[in-house]
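In this document, chain identifiers A, B, C and D correspond to the written order of the chains, with residue numbering beginning at 1 in each.
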Amino acid sequence: MGGTNMQLIIEESYKKMSETATKLIVGKMLNDRRVNLSITAGNSPKKIYEALAPLVKNKSYLSNVHYYSFDEVPLKNEVVGMTEGLLREQFLTPAGIPESHVHFVSPANYQSYDEEIEAVGGLDAMLIGIGADGHFCGNMPGSTKFENFTYQVTVAPKYPWYKSLVNDLGERTPDSFVTMGPASIMRVKHLILIANGKHKAAIIKKALEGPVDPNIPSSILKLHPNLTVILDQEAASQLS
Amino acid sequence: MGGTNMQLIIEESYKKMSETATKLIVGKMLNDRRVNLSITAGNSPKKIYEALAPLVKNKSYLSNVHYYSFDEVPLKNEVVGMTEGLLREQFLTPAGIPESHVHFVSPANYQSYDEEIEAVGGLDAMLIGIGADGHFCGNMPGSTKFENFTYQVTVAPKYPWYKSLVNDLGERTPDSFVTMGPASIMRVKHLILIANGKHKAAIIKKALEGPVDPNIPSSILKLHPNLTVILDQEAASQLS
Amino acid sequence: MGGTNMQLIIEESYKKMSETATKLIVGKMLNDRRVNLSITAGNSPKKIYEALAPLVKNKSYLSNVHYYSFDEVPLKNEVVGMTEGLLREQFLTPAGIPESHVHFVSPANYQSYDEEIEAVGGLDAMLIGIGADGHFCGNMPGSTKFENFTYQVTVAPKYPWYKSLVNDLGERTPDSFVTMGPASIMRVKHLILIANGKHKAAIIKKALEGPVDPNIPSSILKLHPNLTVILDQEAASQLS
Amino acid sequence: MGGTNMQLIIEESYKKMSETATKLIVGKMLNDRRVNLSITAGNSPKKIYEALAPLVKNKSYLSNVHYYSFDEVPLKNEVVGMTEGLLREQFLTPAGIPESHVHFVSPANYQSYDEEIEAVGGLDAMLIGIGADGHFCGNMPGSTKFENFTYQVTVAPKYPWYKSLVNDLGERTPDSFVTMGPASIMRVKHLILIANGKHKAAIIKKALEGPVDPNIPSSILKLHPNLTVILDQEAASQLS
């Protein structure tokens, strides 16, 4: 890999990976100006949020930080979307973030979400994971166009991820979901990609070392001007 | 086109297009810190350089500005490459830029060119044109990988641009040339794309409104986080 | 003067000074993201606004630009303050700027003005003049503390500028006015200081070459990290 | 204190203060581009460097970080200056930083030091302490002009710090020393001020809450556009 391609950090364990990512995120928060962070829900960031929540809670000097979600999967017959629910549970509630500092993308506001973010000076950093199928945010194989800003994706059997989504969500499967697109993500000032575990090793190799290819949406991330990748040894095990 | 996709400026004439681009470039130069500009040679910027050279010449307050080329086509049996020759003729010599402020990429230094640029704080802006075949810099259809940083391209009959190049350069056709790649260009802080004339209308439509596609290398530019496009009406005539 | 102290541009005439400043301001506007500009009213920028208004009017590609005033002198028995009135007359009305893109500081909002600006990502540039008494914005000799953010100044006979203000405004003289303070101004990303005419020569020398001194409020501007000074030859005539 | 004045962090102990500062510094290092850090020697940062050195040592992904000193006190009859000696002992040697990434200001290069820093894109962050007499870097009460870039200070009995310096250094007392000046420091992108202990409480109050005054050089730091102050409770004990 070329020297300027990305900043690649390989830690010996998931715990170490999480510690390094936590330091980077805290470093972003510590600024004497408004800071806009976009954060991910899921398994990979669990230990980050466990460490981060007590560091952030009741800290008036972090009232400069605002939080933005980057996708939303509405759930049939439920009021709160999947991403919002997980972000609240994993971080926002334990960290005591006030509602005025929390911003969710949704089917109702997705068409103006890029503008809303631009109007506050842009996103300073985004923490993202990567799926074993190569997706990032809601940019899934088969339904991703690199030129998209925030957009809506129809849930349809023609897509390779359809079965898996229906499997996971059952009757709660929505007709569509929303996500920030690759063009939105290229405008984030700093991208932090985390991945851990053996089941991520193959896709990490493809995404970081393979060609830019819409069938592996995360392969576009290599083009981001400031990308820090933090992996555990297992996720990094197939890198050359 | 989406509101945040790019800043699209359509001027009524080539002359107006050049005036607006000149103002933008002067605006970049006027900073109380080192400014690194990458500039293009060719037909499109001719009027820009005619206006710019006298504005820059002998201005000690612009000693903060450094100039970088972004590609080089060495010419057989000649000492000076095509880009260097044109940039000197069109701008650097009439503007009286001292050698210490001029930096050329070449087959000798291309492997460290991205690092050299990073070591001076990155490029603040790059002025680029677009070819009727969709190329930008030396990123040609058929030989471009979006993930490339500065790289060398072999001149070979298998590429769609081969005949045209041989036609233009005859016995001076080199075995290879060098160019900053798409990944290099994504790191430039502000990208200024100019195009004029009817013969550019079709490719401008494809590049700005079509899908991101390596066969149209300039289609990737839409993903740049700060892109200003300045066209005359003819070049813009097919935009929806 | 040291090489990195500021970018100092001396033009042969008021007309040339205005042309260069106009280019710099247009350069700031040309960005594919929201741009927040703070602009000054008065005599010095007259020719800038004459050139700028037609360049800006009806240009949809400049809908990214927002305008902010930096001080306000309310006028007794009048609804519109002096700065607002002048900015509208000199630039905002002729340029056709929509109300949604215009932001005025006033006695009603000055206490939250710095926060309002921070919430949109800060000011990208500010165009300021300088008074023969050394003031900038409403930071007057005798009433300026360098550590001030946006603040209110009581109009009182103890200040050296009192007589002159009463002379100018007569019965319209207010009890107080508001201004962004030196600490606010240090946070603007690029400061553009213009001055022309012989009557500015002495203060330009003091402000740019003399010690930082609260009795000459503009002497603090030398500490700004990105300061471009554009003078005509008369205003620059006493510089060493 | 106003909301936008600075980011003020008060930790319960020196240990916690050091942990938070370490996270901020690591956060600065984690960027996919060259990072230029200026760091301080002395007692306050001891625990920071103890934590930082093992985090940095042998980490190839931190080869993007360069280190800059901000002052130097040459020692009579010694080859290595006081700051260089301490920085090597406290951090650079234990962290295994290669010589090519270490940059010291000295009597030999101080006149071009600001230019050298500008040529690499500026300083991304600077970690500084504060003296009980209000000094920061080598900007001492009585010998500091706010408008100074990097400069040389003559060691002379007329200065209030003379006795203390001679007391400390005895026969090694130099005739002069060099330091980056307030104007240099205003150009650093992020300033991190640390202080701990009761003996710093009075000066912290003066510097952060009092007027900008050259007799308390650190009082100018309030004007920096991005200042994070990290204190232990003792150092913060007199803040209102």
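FYI, a contact is a pair of C-beta atoms (placed from the backbone, for glycine too) under 8 Å apart; a residue touches a chain by one contact, two chains touch by 3 or more.
What you see is a predicted model, and the numbers here were worked out from it, not measured in a lab.
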Smallest number of contact steps required from chain B to reach chain C: 1
Between the pairs B-D and C-D, the one where more C-beta pairs touch: C-D
Centroid comparison with chain C (C-alpha atoms), farthest chain: A
For chain B paired with chain D, centre-to-centre distance based on mean C-alpha positions, whole Å: 41
Cα-centroid distance, chain C relative to chain D, in whole angstrom: 33
Junction residues of chain A - those touching two or more other chains: 4, 33, 118, 187, 225
Topology of the chain contact graph, where touching chains are joined (line, ring, star, complete, other): complete
Chain C-touching residues of chain B, taken from the complex the two chains share: 4, 6-9, 20, 22-28, 30-33, 61, 64, 190, 225-228
Touch list for chain C against partner chain A, complex: 33-34, 118-122, 187
Chain C - residues contacting chain D, complex: 2-5, 114-115, 118, 145-147, 149, 182-183, 186-187, 211-212, 214, 219-220, 222-225
